[in-house]
Structure formats: C-alpha cells, structure tokens
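One chain, subunit A, appears in both complexes that follow, with subunit B as partner in the first and subunit C in the second.
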Partner chain A sequence: MTRISGTYLAKRLVVSYLTLLVIMTLLFVLLRSMPGSFISSMITSGMTAEQIEQIRETWGLNEPLWKQYLDFMINYQTGNFGRSPTYNAPVADLMIRRMPRTLILFGATFLIGFIIGPLVGMYLGWWRGTKKDKSIFSTSLLLYSMPSFWISWLFIWVFNYEFNLLPSAYMFTQFPEFQWTAVTVMRDVLYHIALPIMSLTFIGWVGAMLIMRPTMNQVTDEGYVFLARAKGLSERTVMIKHAARNALIPVATGAVVGLAFLIDGSIIIENVFSWPGMGQIIVSSVLERDFPVAQATFFLLAVLVVIMRLLTDIVYTYLDPRIKFGESE
Partner chain B sequence: MATGQGDTETEGESYTRRWEPRLERMKRGWSRYTEHKIGVVGLIILGIYTLWAIAPSVFAPHSADWVAYLGEPPVQSRMSAEQVRSLPHPPAFGDPFFAPLGTNANGKGILSLVIYSARNAMYIGLAAGLLSSLVGVPLGLISGFYGDTWIDEAIQRFVDIMYGLPFLPFLIVLVAIRGITTTNIIIGIAVTSWLNNCITIRGETLSLKERSYVESAKVAGASDTRIIFRHIMPNVLPISFVFLAQDAAGAVIAQASLAYLGLADFTANSWGIMLENIKSQGYIFSAWWWLIPPGVALMLMAASFYFIGFSMEDVTNPQR
Partner chain C sequence: MTLLDVNDLSIRYAVDDGSAVHASDGVDFSVERGETYGLVGESGCGKTTLAKSLVHLLDDNGYIERGEVWFDTTLPQWADENGDPEQSVIDDPDKPVRADGKTNLAALSNKQIRDVRWRDIAIIPQSAMNALNPVYKVGDQIVEAILRHEPETTAEAADDRARDLLERVGIEPERADDYAHQFSGGMKQRAVIAMAMACGPDLLIADEPTTALDVIIQDRILEELETLQEEFGVSILVISHDISVMAEICDRMAVMYGGKVMEAGPKEEIFERTANPYTLGLKNSFPTITATDQELVSIPGTPPTLRDPDDGCRFRDRCPFAVEECHASHPPMYDVEAAESTGRVTETTDDRAHRSACYRIGELDRLRTDAVNESTWTDQTIESR
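Our next item is the complex of A and B:
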C-alpha cells in the first residue's frame, strides 16, 4: 500500500482519462478518413437529391467537422453512443447485449490461458535444456504458429462434422426442444462455447508460457534462489515460492499483451463460430461503414485496455518491491 | 585506419587483426547455436522456404497459372462438364494429370500454389518483423531507463494510445484507408506490433536498472547512453530477439487472418488467400488436400521463425 502514493494514483487516473480522449480523437480521424460514407447504405437509386439531403441532415453530416467532433466527444462522455443505421437500434443497446457474450469468451480463455501458460512456463524454465523441456517447448511453438481460423476449422471438422459431438456455431440451440430455464441456458451456452474456447486456448496459453520461461530461467541464477536452496527448502518450494514469484513480473505485463492477443483471436474465432459478440460486429461494422457501431466497439475495447494497463502498473509494484513509483529518488 | 598510400601487407594484416576475433566470436556463437536442435530445424525449414521464394519454378511441378486437364497457359480449349465436376481433384500422380497434392476448385495445382506463395509470406514476415523491432526495442530501452520521468511518461502514453486500438480492427481500418496492397499490410502490421517489444523491454529495463551493476556503472561515471546500450541492452537482447521472431511469425499469421476476413491483395499468391478461397467456395470439409497444405506451410514458416528466435536467445544470452 505504502509503495503507491495517492498523488501517483490520481495522476495515473487523469492520464488514463486523457489517453482515452486522444484515442477517441484518433478514432474520429481514422474512421472519417476511410473511403465511403456510412449513409451510402441508406441511399437507394430512386431517391431524389432532397431525400439524400434529408438523410445527411438527420445524421448530422451537414454540420461543420469541428462541430461533429465536439458532438462526438461530448456524446461519448455522457454515454450517448448514437444510433446504428444498419441495425436500426441504439448503439448502447447493441453494446449492452453483445458485451457480456464477448466477456464470457474472453474471461474463460484468459483465465485458462493464464493458468496453464505460466505453470508450464515455470516447469520448462526451471528444467531448461532437458529433453522434456525441448520436446514440450517445440510442440507448443508449433501450436502457437497455427492461424486461429485454420485450427478452428480442423476442430469443427473433427468434433462437429465427423463425430457430431459439439455444435460449430451460434451461442444457443436455434430451435430447442427443451424449455428455457436457468439450468438449460447454462448448459446450452457451455455446450456451444466449448469449441470456441478450445480453439482459442489451444493457441493462446503459449503466449504466457513464452514470457514465463526465459524469466524463470534467469531467476534460477539469482542469489535468493541459491539461498533458499542452501536453507534446505525442497526443490518444489524453491521453484514455486521463491523463483516463480519473481519470474511473474514480466507475465503481468504479458497479461496486457495477452489481452490484445485475445481481442484479435476472439474477433477471428467469433467470426468462424458465428458467436454473436463484439468481435463479430467490429469487423462487419468497419467493412459496412457503420461508423457509430465501429466507434463504440473500438471505444469500449480501448476503455478495457486502458483500465488493464492501469492495473498492471499497480500489480507491478506489489510483485517487485524494487520498483518504486511516485517517489523521487 | 588512414595508412596513407597502399602498403598492402600492413593493411592486410590490420584487416586480419581486426576481423579475426570477430570471426572467432561468430564461430563460437554458431557452435552454440547448433547445440539447439530446434534452431537447426528452423534454419533448415527457412532455408527451404528461401529457395522456394527465390526459384519457385525449380521446385514446383507446374507454374502458378497451370490448370488441370488444360495444362500451361495459354490455353485454347475449355474443360468438359465432366472434368469441371471432378474439381477440386484429389491428389493424382500422372492419371489424368500430375498434381501430387490435388487441385483447387479452379483446377490449379495445390503444391505449385503452396510453393509459389512462399515468397509473399517470407517478404511480409521479414519486413514487418524488422520494422517493428527497430521501433520497439530502442523505445522500450529508453522508456524503461528513464522510468517515471516525462520521457517514459510520453512513450508509455503513446503506447497506451496505440494499445487502446485493437490490433486486427485497427489493421482493417488502416488497410481500408490506404488500399489493400502487400506494402500497406506490412506497414499496418509493423505500426501495430512494435508495442509488445516496447512494453516488455521497458518492464525488463525497469527491473534491471535497479540492479547494483548499473548503479556501479553510474558511480564510475558512465553516460546514460553507455549504460543503456552497453550494460542494459545485452541483458534485454535475448528477449528482443524473441520478439523479432515473434513479430515475423505474427506478421505471417496476421496476413492470413486478414485474408480470412477478405482483406488481401487477391492478385498475389499467398497461403492466406488459398485458405480464404476454400472457405468462400465451401470445400472446407470435403477437400482435405486443399485445406491442410496451406495451413501446414503457414504453421511451419511461423514456427521456423520462432525456432530461430529462441535459439538465438541462447547465443546472445551473456549469462551462460
């Protein structure tokens, strides 16, 4: 507690907020410099110029650019995400509906990946150079090299097409013969999420392992590990309690990297498995120039990452007391 | 160095004197590298891919424009309905044509396409990996060394901003703005992938600069630049090599992912485009000879980058 001063925390919070503002500005510029306008999907061939003008007026495209920018910034900070032209619904509703679905997928794979990864990395780093290390390590690298959509296809082929064990698409059974109760909903979602999670974690855990292994190996040469051994502690205790805890520091940063990986991975996986989450609409909205939706998804993912970055810096200081933040030397 | 007029003997001598230790060190590094089987395997795989990239026509049974039944272009005739129906054709060895890995739905030989696509993947991987390392490593070092000053703050805020934009959608936007060409895909990948290098190397540097040897170097009067590049950099190089390899491999995979989403230069030959085609034409579960080879080729290329990177790590690691 004492290692992080209140002023430091306050400073970081303000900076995180400013970061978000810059990201929003960047989003505004980037999306508007894309070729095509988002009202082009609403314009059909039979429309008169007045009707088109009417549409432009409704969506605020006739305002000067600085006014549009100002409106955008103010609206987003007051939680007003606007309306989606393609879904014909408020963007906020869309987000609220889709966010939890993605978070389920995210959370599960994040958890599984960051439990398996560091554990395997710990063992491999500790027993570095042995036959076991070499074979497991090279196999995991092969896994990590697979394109996620390709491995999903292979999984779908085996588990759905050949043996028909698991569903290959959607989040719920489309025309169920059972009643929707809390239990059946849970079971159905678990049944449908199995393949996407398998495909994502099959590749994803390696990322954490890759960060853990070399640092674990560096830590083995440290004095405190030697000391712990000299005290007569068991190899297991030294590895887990003394070495692994220090090797976890870069893994904490890696968690943010892992998050970025997960966002990409889940975008592809959601598209492959027709999972109705954010990853699916972020791609389609960008491609269809549905800017209100694209902006909102980008924005929410950005908020997620900025919060994670803040947490990482705090976790850092707890893991490594040698790092001091917010104190002048 | 300025020896005036060409006294060739002394010049040659100074040349050997200067280069012998370097060669010696390289030899030692090489022998240390070859200790790792996966490093050698990675080099062999990458060597094969390099040969494929340089001279695909030597290795491929046909050119990339070859069409089953009709042969090499220019072709005058057209396929009969019977022949069209037999596509995509499973592997055939001489009867009715020679295509060891079968053909795709357009009658192109899979093996030839896989070999001709190596150049594209190689180019994208190396270019994007190098670009992002050249940006990420120095920035990470500087940011970590000046941790908690305005320099660190500025770099980290920039990284934060870039991190806030998710990689793949951001890449889609970039590629959409600048047009879908291979160069733009490389730039897009490099712009979005140096962050991992920077952030990890910063974390390492933050921890390293608290070590006693950095403090003693400081006391001895070493400049900041010297401490960063002579004392700290050798310790983060292992990880930065890992990241160069990871970025190269990641670029190859990212390009395939973009192709999967329909964003690729479809005039080029690439493994990602082959996989995109199998999806859009609906043969994922019925043409294994078309589904497996591009994926395996992609996997092996990315894996060879990883293998080489992780073996390099041991060579550059000063602790052993």
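Our next item is the complex of A and C:
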C-alpha cells in the first residue's frame, strides 16, 4: 500500500542531494572562517619557512579559494574525504571504523527512547489529570531538566564507583583475560554500552512523551474514539488501535527534531564515556584544527539527518493516509 | 412489543466543587419494536446524555444516579440456544434480568455493556462526519464491528457484508477501500449508518442525524433511516433540537427541558394538541415555509444550568404561565386526553399516553390561545427581570 509515488521520491532525493550540497558549502565556509589554520598542528618550532611552505603545498592551501572549494566539492562527492594530519590516515577509513560505533549507541538510544516515550505518553494522555499522570509527568519533567553529562557522572558514581557493576569507559575490555570470539565481543560491547545507553535514554524518552501526551489527550475527544467505544471494543483496543495510532503522527515529526538533540547528547556522552565514535573525534578534530576529519564528521552527521528526514516522510504516508506525496491534482 | 423501557432514569455529572449537574431527572419513556421515537429539546437539555447513558457511554464524570433501563436483550453468556435468558439467570437476584426476558442495562458492568453496544444498540454520534477513523479504511472499520460481536465470522465474509452494507446506503462497494477523507460529508454520514447496521441492532440511536448537513442531504439521510427501518425492523431513537426533523420521521416523541420530560406522546398529538407551555414556545420559534410573514417568537431567557437545581418546575423562570405552585415542585406528568375531554387533572404513568408536565393542564385552551401572541412571551421577560 505504497502511497508514495516514484516521481515524488525522485524529486525528494534530488532535493536531499541539493540540501547536502548547501550543507557542504556552509561547512567549507564555516571551517575556514575559524581562527587558526589546520596546519598549525603540523608546524613545530624550528621549522624553516620552506618546510612550512612545503606543508602548505602538500595540503593544497596555496591554491586559490575557489579551486580549493571546487576540489572539496568534487572530492566529497566521489567519496574522497582526504587524509587526516593528526591521525595520519585516510579520513574515510577513520569514518568507516567509527561510524558503526556511533550508530550502535545512537540507534539503540533512539529506538529505546521512541518506544518508551510514546508508550508512557499514551498512558499519561489517556489518563490525563489523574494522580498517576501528575506524578509521572512531574517526575519526567524533572528528568528532562537534568543535563545528560551530569546524569552520566551520577550513573558512573553509582554503578561503577559504588557498586562496580558496569564499566565507566571504552567499548571493549582493555586487557581481556578471555578469548575474542563473536559471543565474547558481543557480550563485552553490551557490557560497555550499558551505561552510556542508560544515561542517554534515562532522559531521552521524555521528549517523545512530551509530544505524545497532549496529542493523545486531544484524540480522546475525537468522534472516532467515541465510535470505537460505542462499537463495544475494549478500552485497550480503543486506546491503542484508535487513539494512539492517530496521536503518533506528530511524534514522527518530533523524531526528526529529537534526532538533532540526540546527536548533541551522544557527542557529550561519547566524551564522558570515552566511547570511540564520531562524537569523540568531532570535538578533538575541531580543537586540533584537523579540518579533513571535522569536515567529514559534520558532513556524515548531516547526511544522517537528511536520510532520517526522507525516511520520516515515507513513514508519514504510512501513518496518515490523508498525506499523499506526489499525487498530481 | 416494548423494546426499551426507561424507568425514572436520573443521570448526573459530578463537578469538582462537590455539586452535581442533574442532566436527566426521573425520565420515563418506552420505545416499541420497529418504532421511531424522538427526543427533542434545546441544547443542554439532557437528550444526548440520556441516549448515551443507555449504553454507559457518558463522559468520565457522568453516572446513573437511579433508575432502570429495561431492554429486550440477553447477554451471550446468559442466553440459552434461542437467545432467551436461562431460567437460572432470571431466578438469580444478582443478575438484572426480568422474567419477560428484558435486562436492566443500567445495572450491567462496564465489561457486560460492551456486548450490548452495537450488537443491540448502535449509535450514530452527533458528529458522524468525524466519527470515522482517518487512518483506517472505511470498510475495515465496519469489519471491525462485525468481528467484535461475531467472532466466528471469517474476515472475508465480514468484508463482503461490509461492502453489501455500503451498497445499501448508496455507496459503491469498491469505496470500502477508501479512507474517510476521500468521502464527502453525506457519504461519511451514510457510511456511519451502514456501520451502525453491521450487527443488526434492535435499536439505533441517531444523535442529531441531520445537523450540519444541507437540506437536500438531510432529506436523503432521513429517507435512508426510514428505509433501513422498514428493511431491518430496527427501532430508532432520534435526538434532535430540530422540531421539523421530528415531524418528519417520528412516531412518538418526548419534549425535554432541563433534564425533565415536559411533554410526551404520539407525534400528531404533540403537534396538533400541544399541552405544555414549553412545547408551545418551541413551536413558535420555528419558521414554517408556508407562512412567510410569520413573526418568529423565541422563548426569552436561557435554559437553566442544572447544577443542583431546586425543586420547582424547571421551566418556570421562562414560562409566561407560571403560578405559585410552579415554584414549589416540578409538576408530575398529567394525562392530556383526560384533561381535554373531561377537564379532570389526573396523573398518569402510562408511557404511551399523551402526557404533559404542567400544573395548568386544566386550562389548555387559554394556554394555547395566549401562547400564539408574541406579547405573552416578551412582556413576561420584562416582568421577570
């Protein structure tokens, strides 16, 4: 039951591509207007002017700006992200290694948050005004106002320092006494990812709940909810199948916005937990003026958001049959 | 045979400050099988509340204070193979079932009433236009109702029936695969009617079936209801503020005001031999297409709030005929025919008779002549202010 037409999808893809081109241009301009040059990390005291000139030449900094821009645009579109001066490795390799680690953390958090949030929002919206609603709602607001890094420290203190249940950093055990097999790797990652995910989802679900609760409350007054009840359906069916299904539509919009916040959150969390993902290098690369890496990480995060937006549009058409994309009048 | 027998039904809405809104107060009426019964009155008079309460569909703060709703049905778990209640159920004092096979719906639990909803009593809600769920196909919503009450039916059979039902109300069966937003207003209304007939209910409650529709569609919907009634033999309880709708389709009707039935009886009796000041006022305020120069006279004032009302007649503050007695207590239902023919003022409990709640039932001729004069209503306003 696809309601999305091929032409619309094609149009949407073109727009997404153009969006990325604009983002790339912005990236190029913004990073180059930052104080400090990216070769400053490569220059050590005692280098001669020729040596510095040599470095500038190697990194293409002597080309006119338009040429640099053109090269950048062409290289990025052909998958050539350049070399990182600080890691002394191709940026693409770095990304390929780090991206999945971030996606695991990111995806799991996103999924858990957008399962718990709408579920809680559904119950609170349905029972709005009751004691249960009031107490859970105010608790969640309290959570929502806590910074994620503070929660992480709190969790590290409780689960690592006090009870020594979970590791406080890294993705793998540093000097393992066990053999690396598929099972042990998985177990080890789960063991290490537990605290970061807990810290992120502990407050992350509230955003989705805040969207779901009022819309859920709104749909309880809708005629179709009354009719569903009048048909003799159980309260549970009425709530989930008829009310919540409709209240979910605005949550999909919230998911895209929530995504941006989640990126924020994971950058902080990755640094707190020394999680070797993109969030960690995004900070270090900016601090060290490692332009190729900074450019690539920002770019990939932008790609992620653009893809998610595209997906949301498709999800929309499934959630709400009234939305029809690309149907000519 | 009587299908529905409502006895002394009172419904209240709890208010936060501890008071209660008496939305319906000691209402008596009965609906025969195959009959169309109308509840008419201004908005806020309790007619919708009354209808919703029959199947416990009141808002969260609404509750049945007292009274019985005897309906000719038996819950599946209490029925023998003929659908009649088992003798053991009738004998059980804890089960609200009478020897004549009727069940007191007011005494059923929330879980039990769900089996009555739609299977026995279907509702076409006030805003039928918004009653279809926008995210499901129209046909599937009908199928859902069928499968809920007839779990042994296959999905295919239910789907066939849904298409058949749509066809009966003049919608092409293929449209079952469409969503509500692809339907016009009149089609949505008819789709809801089709849905209401899905489980072959005995009573159809039509809450303002024609409001918000233009007159042509109104007429079509009313015709639709009449055809269905002939075809399925279903009884219809119509709720409307529109007295002309009532004139068109009802057999009998009750005029409600402030949670009370003011006048009830066969439609012709009520229209031609009106016996209550409120009904007289209501008739005045409706235009007729034949009398173009007719001055419309509205009833001055607004309906009472019904929040912990006092004992007096509910209509007395707006009534030009109010006397001392009216302030003391709400009048009982008097037999209109007896009052007209013999001049005797007698109370009646006969649901079928033409009844009116007015202490001045003995002076009907005066009421009727005075009520036509505009000054009767307007002068009174100045006085009461």
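Just so it is clear, the second predicted complex is superposed on the first by the 325 of 329 C-alpha atoms of A that agree within 3 Å, B and C clash if a C-alpha of one lies under 4 Å from a C-alpha of the other, contacts with A are read in each partner's own complex, and residues count from 1 in each chain.
To be clear about the criterion, contacts are C-beta pairs under 8 Å (C-beta built on N, C-alpha and C of every residue); 3 or more make two chains touch, one makes a residue touch a chain.
Remember, predicted model here, so these are calculated numbers, not experimental data.
The superposition on subunit A brings subunit B alongside subunit C with room for both.
In the superposition on chain A, contact of A:230 is made with subunit C only, not with subunit B. Once chain A of one complex is fitted onto chain A of the other, the partner contacts of A:245 are limited to subunit C, with no touch recorded for subunit B.
Geometry note, superposition on chain A: angle between subunit B and subunit C about the Cα centre of subunit A is 70 degrees, to the nearest 10. More residues of subunit A are in touch with B than with the other of subunit B and subunit C.
In the superposition on chain A, A:34 makes contact with subunit B only, not with subunit C. In the superposition on chain A, no contact is made by A:74 with either subunit B or subunit C. In the overlay built on the shared chain, the residue A:89 is in contact with neither subunit B nor subunit C. Taking every C-alpha of subunit B against every C-alpha of subunit C after the fit on chain A, the minimum distance is 9 Å. The intersection of subunit A residues touching subunit B with those touching subunit C, taken from the two complexes, comprises 320, 322.
The residues of subunit B lying in touch with subunit A in their complex are 37-38, 41, 148, 153, 157, 160-161, 163-170, 172-174, 176-177, 195-196, 199-200, 203-204, 206-207, 210, 238-239, 242, 246, 249, 253-254, 256-257, 260-262, 272, 275, 279, 284-285, 291, 295, 298-303, 306-307, 310, 313, 319.
Taken together, the subunit C residues at the contact with subunit A in this complex read 55, 57, 114-119, 122-123, 125-135, 144-145, 148-149, 179, 181, 192, 195. Interface of subunit A with subunit B (complex): residues 15-16, 18-20, 22-23, 26-27, 30-31, 33-35, 134, 137-138, 141-142, 144-150, 153-154, 156-157, 161, 210-211, 214, 218, 221, 249-250, 253-254, 256-257, 260, 263-264, 267-268, 271, 282-283, 286-287, 294, 297-298, 301-302, 305-306, 309, 316, 320, 322-326.
Contact residues on subunit A toward subunit C in their complex (touch as defined above): 222-224, 226-234, 242, 245-246, 319-322.
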